[in-house]
Amino acid sequence: MRAPTINTSAAFDVSELPPIKFGPHATIWWGVIGLLLIEGTMFAILAATYFYLKQNFTVWPPSGTPNPDLFAGSANMALLIASIWPMRIAHRAGLEERRRAVFVALAICSVIGFVSLALRFFEFRAMHIRWDFNAYGSVVWTMLGMHTAHVISSTLENLLITLLMFAGPVERKHFTDTNANAVYWYFVVLGWLPIYAILYFAPRLL
Amino acid sequence: MNLLERLQSLTERFAQSALETAGPQAERIAALWWLFFWVCTIIFVLVVAALVFALYRGRARSVEESSGPAVTLDSGREAGIHRKIFGLIVLTAIILFAFLLATEMTGRSLASLTSSGGVTIELTGYRWWWRARYLDPAPERIVVTANEIHIPVGKPVLINLYSRDVIHSLWVPELHGKRDLIPGHPNALWIQADRPGRYDGQCAEFCGQQHAHMRLIVIADPPDRFDAWLDAQRVTAQAPGDDTAKRGMEVFLTGSCALCHAIQGTDANGQVAPDLTHIASRATLAAGTLPNTPGHLAGWIVDPQHVKPGAAMPPNSLSAEDLQALLAYLKGLR
Amino acid sequence: MKVLTCLMLVLALAGCTRERRKPTDVAPSSARPEGSPESALQPGPTGTPPSAEPSAVALPAEGMPHAPYEQSAWAVSEGKRLYQWYNCVGCHANGGGGMGPPLMDDKWIYGSDPIKVHQSIVDGRPNGMPAFGGKIPDSQIWQLVAYVRSMSGLLPKDVRQTRSDHMSVRPSEQAMRPAKPKNEAGTPPSAERPG
Amino acid sequence: MTTLAKTGVRDTDLTAAELHAALERVWEPPSGFIGWFKNVFHKPISTRFIFAALGFFALGGVLALLMRLQLAMPENTLLSPDLYNQLFTVHGSTMMFLFAVPVMQAVGLYFVPLMVGTRNLAFPRLNTFGFFVYIIGGVLLWVALFLNIGPDTGWFSYVPLSGPEYSPGKRVDVWAQMITFTELSSLVAAVEIIVTVFKLRAPGMSLNRIPIFVWAQLVTSFMVIFAMPAVMLASAFLAMDRLVDTHFFNPAEGGDALLWQHLFWFFGHPEVYIIFIPATGIVSMLVQTFSRRPIVGYTAIVLSLIATAILGFGLWVHHMFATGLPQLGESFFTAASMLIAIPSGIQIFCWIATLWTGRLLVRTPLLFVAGFIFIFVLGGLTGVMQASVPIDLQVHDTFFVVAHFHYVLIGGAVFPLIGGLYYWFPKMTGRMMSESLGRVNFWIFFIGFNLTFFPMHQLGLAGMPRRVYTYLPQTGWGPLNFVSTIGAFVLSVAVIVFLLNAFVSYRTGALAGENPWGADSLDWSVPSPAPSYNFLYIPTVNSRTPLWTMEPAQPVVTGMRADILEVLVTELHDATPDHRHLLDGPSIWPFLTAVAFGIGVITAIFTAWGVTIGAVLCFITLAGWFWPAGQPIEDTAREAAPPLGERA
């Protein structure tokens, strides 16, 4: 052992430090930020692809394809933004380690997630084009699909934590998970803003 | 010394070279290259010398026991080192800026080497050959050929580049750098040869199995010879002279050849393979793969997959007489 | 471990044939396969094919000459290329039919069997289908057979082609739902066809 | 003595020997066959990573030898064009995706925790997941090659050649999915390293005291995060074009062949720096140790790394000069490409200045550093040449470029890597590698390398394009190709000598002791080989060269629990202790999740349902991963929360 160089008398005592902290203190929070950077880059490149492909068309959407219908997408936008409120409650309750409040708020978020997915089905139809019709169809389906994948995974995560809060042996660390989960959900909601704007308004305004 | 001479002799035997130029474009690039080459060589020698000296000096000062730091830092001396490094970086930046300027100037002078009313060639890449069309306002004066283009010496020639399948890249090192042929993105390249001669080029972008055998021959002719060549190319195919050649033409038209190849002036009008109207006037077969001799042509017709595995040309089992007749016919297509 | 080795070997064999890109493993030139069932309606408009070597391509013993082609995505893609090159599109369009019958539907006038399709290409058929026998190598004919059959989804999905780099005028071969071929018996209802 | 701990066994309750025994018990990797899949500790997992990556390096090298044999003579018929194309594609893909990036990250995953003074990575299970995903991707590619389904369109798989029309079959799909696997693994490792560096540093190791190698890993990880999504997306587009008829790259329907090139090189150029920056990190560590003085220009080097990373994203278009872009754009990318020579120059000058003013300990690792500088400077200068558009138009896609990138990748990354392995071998195994064999190794490597790749410069200028399976005799390329082939075999001898040295030294090498080189970083403060728990007590740091400036009474961290997998989390900037953190222990779920992911992705080669299948399987396995197992632990994050009806 390194006995001679170890000086435990001049020690730096950490025994009183807490075993758990939330937000940017926690490693998991940084892990989620890393994930969001990756996903955010992915969405940014996808948006760049959309505009790159747009250059190849004289009219956009390509002639013969009507503009996407606004209703389902806008409803989804409103719903997702509204979902920030219960998620905020779940987030705060998680920080205060209030199990019941987390459970209720996340249950609401899960329901919202499923409704959003149902709306998403109509959004695909509102595009009035198939993915294999032309590059416009390919890119709008991919953008919608990519965001849908995020809604699915985030909703399933909500559901999983809801179930855990209800039935599982909950441990304190799960409240850091609700914290991270909330950050991820905000990202999914806010990520929809630019995608919604591009999908529904780029054809109309640009 | 002997070794050096040998190396020298090695480099002189290349059929192509980006440095032994034959036209103004390649020449300017080569001039830029030599500027970069010498400056970079000097930098490299200096850096390696510094490295060797540093190692030598550091080793001479070495103390053999291997524990902990052995140098006491003197802040004044360190600051001196930092200043020197800063100076070197400024020097590097200046050299890079000079490089940038030289690049920009070369780029501009390359862009200026154009003209109007010269020869325009439409070059289309296929797997694995080139179709060339010499454009002309009068459609009947358009010349179609393959894998071998002639250009007039001393005149800028515009080559419009298209691809019908995958990405190819035109590269004739003696004349100019590369330009890609990209489906959906028409491209263009100006070339000019200042000396008559044959300049070999090839596809430089990987395009599949026979990328290696997708060569293009550029022949620079003095203007009068070029005009003569172009006029000769405008004439439709010569009618077969003797009976053997007549029989050969029949083989060509009724067999599988005409499904893909065209011979102007006959019913053969296939558009998916090289135009053979003047096949006998070309130097090579199969996109520069084989010299154009009767023996190679026969081998190529019977078993192209042996020469160029994966090429689109299927093997043909012809009887000996048919093959001889076909060869006689093709030999007449000057 | 042994099981694993065997599995690898089987996979290797499967992989080898499925992805082989060998242009000619069948002797060039083509003729009507001997012993193949003959239709009552013979031969095509150009008469008997000028087959120089009638039995140059004897069928392999198992009688499944099409099998290697129909298992190879590469062979099918070659068939697709040749379909364009030999101007099949001229009459059959991209499968939707025109002067010739459509090829992407479930109707097979002379039967959907590969041997029958092969026969149609080699010998030609009345009402305009020319005979390609003797003009193009048998291997290419089999590639065409495989491709033609893939158009209506008769080949496994993983060998059928997806979209090509052209305007998409029809769903890709891979997107076709296999339809059960009709008129399998092969009674040539030439009367049913308009010109 | 400090306050007595409330719960659990604290290190303060034990003597050093007892503490060692207690930590050994807690941090010991699970044993047995199943245990192998459950391991979540950074050293064993990284060792596997390094072994696997070196294995792929050797396999890729064998392919290179086969290609060199084919090219040794004009019109050689050893390999068919079809096979040759598969070989060069798999060679390039293996070296880039299965060797260079993973091996650099693996060295990081091994040494970053040791250098920052912690006991494991921030997300141990994620690390295991990343490893298995990588292995599945690598095995997929190589099994495919043996089954004749090896991709054959080059490591950058340009469309339309790799698109559905011109690459029928499943070869390119294998490539695209291999990308999915390796990039996911790489992203996972990047997040691991970032969070470990940000949050798990030893007290006192503020950001301006991080070892340069750790900086290099950190910068690289950020590059990975911004670069890899581009290629994952591009390969997803390609896979969709090939499987479900999308038109991303179909010019006839508004798609674009150049879109692929933009997306690929937006990843592909940073990729080169992702490989090179960690290598410079290794070089900086080696230079410092073997000069036996703190490196000249720590701040300048760190800023250079960051500048390289940022500039690295601004020059992807220099791979596309021959596509005929507008001149203005070309000038911008020329300037950016030349500009990147400045940060590299700063580093080289700093290293030479350090050597110049140092008192050298001349050992094998230092030889590799010298070889690195020689080769890398040459490769860098040819790189500057290619930043110039006109010159690039001549040498682009020729053997000149092949020479260039082997100079910067083998010279710039493999030389430092081998040097680094000589350097860290004692820490990993407890034994020194043979010095005499090491020198033989270096000289054979150095000579073989130059013999192989130097003639390629001339070949490129003489018109030889890359990726040709053969060439005509009249081109005159034969003799130099023959020389190059001989060089390739010399090079392979060097690799064999290295492996031999490693093998022999592992068994009979001299015992190393804690710090055989007299190095300065924390990894050398622990016994060799490093114990499973890394540090008996979490150390504290008082400078950039902690072991060289350690006070006689340098304090250590006490009060950590010795009975659970606990690490100390510190503040991002100045590394003051923040909280104690319980790490996840061994688990089979990361492996199962990797398998579930693998099933999904490989099925997606054949049917789009693979995505759904994979998603469902991944959801199940992830649920298993996160669902709490075992008893709650007092005074940790795994303390039981109150039942649903009650408040805490």
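Residue numbering begins at 1 within each chain, and the chains themselves are lettered A, B, C and D in the order written.
As a convention for this text, a contact is a pair of C-beta atoms (placed from the backbone, for glycine too) under 8 Å apart; a residue touches a chain by one contact, two chains touch by 3 or more.
Just so you know, these numbers come straight off a predicted model, no measurement behind them.
Interface comparison, A-D versus A-C: the pair with the greater number of contacting C-beta pairs is A-D. With centres taken as mean C-alpha coordinates, the chain found closest to the middle of all protein C-alpha atoms is D.
Centroids of chain A and chain B (each the mean of its C-alpha atoms) stand 51 Å apart. Inter-chain spacing, taken between the CA centroids of chain A and chain D, is 29 Å. Annotation: 50 Å between the Cα-based centres of chain A and chain C. The distance from the centre of chain B to the centre of chain D, with each centre set as the mean of the Cα atoms, comes to 37 Å. For chain B, residues touching at least two other chains, in rising order: 165, 183, 209, 309-310. Shown for chain C are the residues in touch with two or more other chains, namely 21, 163, 165, 168, 171-172, 175.
Shared contact sites, meaning residues of chain A that touch two or more other chains, fall at 132-134.
Every pair of chains meeting the touch criterion is listed here: A-C, A-D, B-C, B-D, C-D. Residue ranges on chain A touching chain D, taken from their complex, read 1-3, 5-8, 10-21, 24-27, 30-31, 34-35, 37-39, 41-42, 45-46, 49, 52-53, 56-57, 62, 97-100, 103, 131-139, 141-142, 149, 152, 156, 160, 164-166, 168-177. Residue ranges on chain A touching chain C, taken from their complex, read 132-134. Against chain A, the residues of chain D that register as touching in their complex are 2-3, 5-6, 10, 12, 16-17, 20, 122-123, 126, 187, 190-191, 194-195, 198-200, 203, 225-226, 228-230, 232-233, 236-237, 240-241, 244-248, 250-251, 253-256, 259, 262-263, 266, 514, 525-527, 536-537, 540, 550, 552-560, 568-569, 572, 577-582, 615, 619, 623, 626-628, 632, 635-648. For chain B in complex with chain C, the residues that touch the partner chain are 165, 183, 209, 254-256, 259-260, 270, 272, 305, 309-312, 314-317, 319. Per the touch definition, chain C reaches chain A in the complex via residues 163, 168, 171-172, 175.
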